[in-house]
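The structure appears below as C-alpha cells.
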Amino acid sequence: MTVRIGVIGTGMIGQDHIRRLTHVITGTEVTAVCDLDTARAEEVAASVGARALPTGGAVIDAADVDAVVVTSWGPTHAEHVLAAIAAGKPVFCEKPLATTAEDCLKIVSAETAHGSRLVQVGFMRRYDAGYREMRQVITSGAIGAPLMVHCAHRNATVPESYTSAMAAQDTAVHEIDVLRWLLDDEIRTVQVLRPRRTSKRYAHLQDPQIMLFETAEGVRIDLEVFVNCQYGYDIQCETVGEEGLVRLPDPAGVAVRSAGRHSTAVLQDWKGRFENAFDTEFREWAETVAAGTEPTGPSAWDGYAATVITDALVQALESGEIVHVDALKERPAFYGGASR
Amino acid sequence: MTVRIGVIGTGMIGQDHIRRLTHVITGTEVTAVCDLDTARAEEVAASVGARALPTGGAVIDAADVDAVVVTSWGPTHAEHVLAAIAAGKPVFCEKPLATTAEDCLKIVSAETAHGSRLVQVGFMRRYDAGYREMRQVITSGAIGAPLMVHCAHRNATVPESYTSAMAAQDTAVHEIDVLRWLLDDEIRTVQVLRPRRTSKRYAHLQDPQIMLFETAEGVRIDLEVFVNCQYGYDIQCETVGEEGLVRLPDPAGVAVRSAGRHSTAVLQDWKGRFENAFDTEFREWAETVAAGTEPTGPSAWDGYAATVITDALVQALESGEIVHVDALKERPAFYGGASR
Amino acid sequence: MTVRIGVIGTGMIGQDHIRRLTHVITGTEVTAVCDLDTARAEEVAASVGARALPTGGAVIDAADVDAVVVTSWGPTHAEHVLAAIAAGKPVFCEKPLATTAEDCLKIVSAETAHGSRLVQVGFMRRYDAGYREMRQVITSGAIGAPLMVHCAHRNATVPESYTSAMAAQDTAVHEIDVLRWLLDDEIRTVQVLRPRRTSKRYAHLQDPQIMLFETAEGVRIDLEVFVNCQYGYDIQCETVGEEGLVRLPDPAGVAVRSAGRHSTAVLQDWKGRFENAFDTEFREWAETVAAGTEPTGPSAWDGYAATVITDALVQALESGEIVHVDALKERPAFYGGASR
Amino acid sequence: MTVRIGVIGTGMIGQDHIRRLTHVITGTEVTAVCDLDTARAEEVAASVGARALPTGGAVIDAADVDAVVVTSWGPTHAEHVLAAIAAGKPVFCEKPLATTAEDCLKIVSAETAHGSRLVQVGFMRRYDAGYREMRQVITSGAIGAPLMVHCAHRNATVPESYTSAMAAQDTAVHEIDVLRWLLDDEIRTVQVLRPRRTSKRYAHLQDPQIMLFETAEGVRIDLEVFVNCQYGYDIQCETVGEEGLVRLPDPAGVAVRSAGRHSTAVLQDWKGRFENAFDTEFREWAETVAAGTEPTGPSAWDGYAATVITDALVQALESGEIVHVDALKERPAFYGGASR
C-alpha cells in the first residue's frame, strides 16, 4: 500500500525530497505539490505525475494526500504544520519547525491536544550510520558516562548572504539536535567565542565561531563552526566518557600515495556526506506513516528546543555572555516527559 | 512504469533479492517466482503479492514478467538464461553464469545470435563505491600504468561443506571479475600457492591459499584467500602503478579508545560490506530494463571468463603448476571486441 | 671537549636526566650532584663517577662544573637559577622556572643584567618531532593564518595528591609553552570550564577541566585536561588555519586485527611519548653549552609567562571568570622583544 | 670505560657510522680508520681525533682498537672479518657479510673454531621499533601461528648503476634477514615474478619484482621490490596468523587537511626511516663489546643465510623457476642449532 504524499514547497530541497520519495524510497509517491512559484510547481508536478495545487492548505486537504512534507520558506512552516495537525495528517517538516519559539510552542500545544504525535522534524543526522554507531557505543556503557563532546562543523565556503546568526540557525542547529539525542540530555547554557576571523571571506561575517554548551548532566560541549574553511565539508564529533572516547569516522574513500603524499579526498559537499542519512530518514518516516504509528524521529518538542537554543546562541554571540536556556527545563510527559 | 520481474529460485539469496526488488529499489516489482521447493515458493510469493509458478520456463514465459532474475542452484543457471534469451527477455543471473565453460559459451553464442545484450551476471563489486573510486583513480592516470595488485579476501569462518575448490569458485571469483574490470585487462596465467594450513578448521581444506595472476598487459596480481581467518570479513585491494598506488578503504566505523587500545570494529559479514553495492547493482540494472537498453554490468563474456579462470585456478591448485588461460585471448567484437 | 655538568636534585627526574647526560647524550658528563637526601646523592654520584657536594651552591661553584641542571623541588628553583646566573654559568632548569611570578621576574632581571642568555627552561615538547613538523607546516603558510587550536592532554590516572590547581601547574603548563611557541603568539585571557566530574577518582578533584585561551592575535585555544581518563596517555593538538588544518600524529605502533577489532595500542606513560623529545632537548642544549653560545630553547621569559598563565588559570578555575594576563604584554627586547 | 673502535672503510656509510659512534652513541670512540682513498681516511680521522692507518690489518691489530667496524667495499668484507676473528676482536660487518656463500662459510668456520661469537652483521631492521613490536605480538601468540607475510620495499628512484640482481642483493636482503628473525623460521624456496616493468626508468632493469618465499614451517611470503616507485620510500609488512594479523605502522607524521585532501607526507629516504634503528643497533652492539659478552644481533650464520638466499633469488630471477635453498637446512648448534 503506497503512502501518498503532498509536498509544500518545490525549491531545491523540496525537489530533492520529491526525487527521493519517487525514485529512492519504495512505498511512497508524491501526489500533490504546491509552491509560490506556480510555474515551478507545475513543472515539478508534471515530472513525477503529481498535481500542482494552488496552496499549502489545498495540498493538506487533498483526499489523495496521506501525509505532508513541508519544505517551503522557513517562516511559513508553522502555518502548514498547524494545518496538517488540524487535518489529523502526519507531517514531516524540514528544519526549522518554526522560526520563533512561540510558534513552535503553538505546534507543541496543538499536537498535544490532538493526543498523538503527528509531527517529525527534518534533522537527518540521527539517521547517519556513524552517529548511530556512536550512540550505540555510548548507551552500551563502553566509554562510561559522557563528560565532554568536541565537535567541528566546517563548510568549504558560504555565499555572501550567509549571516553570523546563521552559524547557529542553519549550521550548528544540526549538532544541537544530534547531541541532545546522542547524550539523551538537555542543553542548559550556551556561550559563543569569537576567534580571529578568516580573511578569506566577507567582512560582515564572524567566521569561525566556537560555541560552548553545558547540559543538564554537566556535560560540556565545544563546537567549532567554520563555514569558509576552504578545504572541504568536514564533520567531526568526539564524545569523551569516564572510561574512554568514541569518535565519528571520516567518510570512507580510497587512499592514494603519489608525489610524496599519502592522501584521501575530503568531501566538498554536505549532500554526499548525508545522502544515506536522508534516505534512511524518509524510509523510516514513511514506514511509520504506512503503519499508522507515531513517528519515531525528532519531535515537535525537539524542533522547539532547537529554536530556543539557536535563539540563545544568537543572543550569546551578540552579548558575549553565557545565556541560560531555562525554557527547556520542563519537558511535557507527552514528549517523553520528566523535567531535568 | 514499473518493471515486472520474475525470480527463479527463492533460497536465501533469492529472497534477499526479492526483498530488494520489492522494498529497496523503486520502479520494480516481483510478479512471479518459482522454486523446486514449491511450498517455499508459495510462501515467498504470497509475502510480496506475486504468483508462484511451477517452473523456470513458466516464469520466463509469463506475460507479466518483463525481466528475469536467476538465483537458483548453480547447475541450473545455464538452462534458465538460455530460455530467457530465447524469449528475448533481459536476464540477471547470479554468479556463476554457468558451472561449465561450455555452457557459458552456449549462452555467449545464443546472445550473440540474438544480436543485442540481454544477460547481466551478478558480480556486485563493480558497484561498490570504493572499487568505483579506485577505478576512477586508475583511469585518471593519477598513479600511472598499473603494474601490480595486492588483494586479500578473508572470511571469519566457513562451514565444513566448503571445499578447497570453492576458494576459487565462490570466493576468488569476485576478485577475478572486479580486477578484470578495474584494470580493463585480461588474465593470462594463474598459479596457486599453498601456505601452511590454519589449524583452526577442517583437515580437508587448503586454507589459506595465495593465488597469482598475470594479465595480458603483464600486471601481476596476488590474492590471499583465507576463509577461516577468525577475526572477521576483510576485503583488501591495492593497485600499484608506475607513479603511485591506490588502496581500497576499510568500511567507515566509529573509533573507540578504551582500555589501552584505539580500535574500530571489523565487519563480520559480507552482507554488511556489500549491501550498498547490491542495491546499486539492481537499481542500475532495472534502469536499463525500464529504458529498454542493453545492460551495462558484467556480461555473459565476463561470466564465461570467470568460469574459465576459476577452472584454471582449481587445476592450478591441484597441479601446483602455472596454468595458461588461452581461451580468453579472442574476445568477440560483440563484447567490446579486440583480442588482447 | 666534554661538557661537565652539575645536577642539583637527584630525585626521579634528576636521575633520569643524569642517566641521559651520561649514557644517551655524547659530549656530556655529570661531575657533581647534590640533594637534600645526601645518601641518595652519594649513591647516584657513585653510579656515574661524580662527586656528591653538600649544597646547590657548591655544585654551581665547583671548578669542574661548566653548566648546571636544576631538578630539585620547585620552590628551590629560583635560588639555584639566580646563583648560576651570578656565577655566569649556563643553567637548565626543569619546569617551573620558579613557583611565583615574582621570582621569575627576578631571574629575568638578573639574566638581563648579565647581558646574555644563560637560562633554559625544561619544556620538552618543543623538541618533539610531531610538534616541530606542525610548526613547520604553520610557518610555511600551508594552512594560512592560524585561527583556532583544539588540544587534549589526558593521563590514565593520577595519585590522590594531585590537586585541581595542578591541572594547570603541572599538566596544562606543557601546552601553554608549546602553543605560545607553535603560534609565535602570546596568551591574553584564560577561562576554565568545569565539566561533570569523572566518578572514577577523588572527590576533591575537578577532573576533567576545559581551559580556554585567547591570544594577542585572536586565536582561540581549547584544551581538555583529563588526568584520570583511564584508557591511557593521550596528547592531541589540531591547529585550524584560514585554509586548512594540521594535526599532531598519534605515536606509531603496529596495527593488529583480531577478535573482530582493528586496533593499535595507546601509550600508558608520558615517558614513552616524549622520550625522544627529552633526548633532543638535552642534546641541543649541550651543544650550545659546548659552543659557548646562548641557549635556543625556552627562555626565562617563557618560564615567567608559563607561571603567570598557570596562576591565571588557577584563579579562573576558582572564580569561573575570564582572567586577563596583561603582565605579558611588554616582552623585553632582550627576549625577542616587541610588545604585542 | 670507553670502547675504542677501528673503522675499515670511510665512504658514505662508514662516515655515517663514525659520526654515530662519535656523536650519537655514548661510551664509544673511533680511534683508528683506514680507506683505499688515504686522503679521505686522513680527513675523516682528523675530524674525530683518530689515526688513519694504511691497511685494514693495521686497524685490526692496533693496540687502541677494542672492536672493528667493517664498512669497506663488499668484496673485501670477508678478508677483514676473518682477520678480526684471528685477532680475537669483536667485529661489526656491514651487509653483506661476504659476497659469496663460500666466504661466508669460511667466516662461520673460523668463528666456530674460535669458540665464541665475535661477528655481528649490520642488518638494522631488527632494531626498528615497529618490527620489534610486531615480533612481540607474534611471539605473544596474539595472532596465532603465522601463515603468510605480505611485504613491500619501495624506493622513490635508484641510479642507473642499480642492476636487476641488486633488487635481491641490496634491497630484498633486508627483508630476508628481518623475516627470518620475525618468524624464527628458515627460508626453503624462492621464486621471482617479473611484473610489467615501469617505463619511468632504465631499460636494463627488471623493476618491480615480486619475490616469493616458502619457509620450513610452510609460511608463504610475498615481497614486492619496487625501487623506482616515484612517490617515496615505503616499507610495508603484514604478518597474517591463524587468528589475526599484525601490520607495521607508517612513520608518524602530522596530518594536513587542505585543498580538498587529508594527507600525510611519505618519507623520501631510508635514512629517515631507519635512523633510530641504526642508533639502537650500534648502542646495543657497543654494550656487548663493553661487557665482553657475545653480540646479540644478526650472526655470521645469518649473514651466510642472507647471501645464500640472495644468490638463490638472482638465480630464480634469471631462470623463472622455483629455487630450493637446501644449504640452510642444518644450522650448527653453535648458532642456536637444530636443523629445521
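The letters A, B, C and D name the chains in turn, as written, and every chain counts its residues from 1.
Quick note on the criterion: a contact is a pair of C-beta atoms (placed from the backbone, for glycine too) under 8 Å apart; a residue touches a chain by one contact, two chains touch by 3 or more.
Just so it is clear, the structure is predicted and the values come from calculations on it, not from any experiment.
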item	value
Pair from A-D, C-D or B-C with over half of its contact pairs in common with A-B	C-D
Chain whose Cα centroid lies at the greatest distance from that of chain A	D
Mean-CA-position distance for chain D and chain A (Å)	59
Approximate Å spacing (C-alpha centroids) for the pair chain B, chain D	44
Mean-CA-position distance for chain D and chain C (Å)	38
Chain D, residues touching no fewer than two other chains	230-231, 243-245, 250, 257-259, 264
Chain contact graph, described as a line, ring, star, complete graph or other shape	complete
Residue ranges of chain A touching chain B (in the complex, touch as defined)	22-27, 129-130, 133-134, 137, 142-143, 243-259, 264
Contacting residues of chain D [partner chain A, same complex]	230-232, 234, 250, 257-266, 268
Residue numbers on chain B that touch chain D, as the complex places them	144-145, 147-148, 150, 152, 193-200, 208, 210, 212, 214, 217-220, 222, 224, 226, 229-231, 240, 242-245
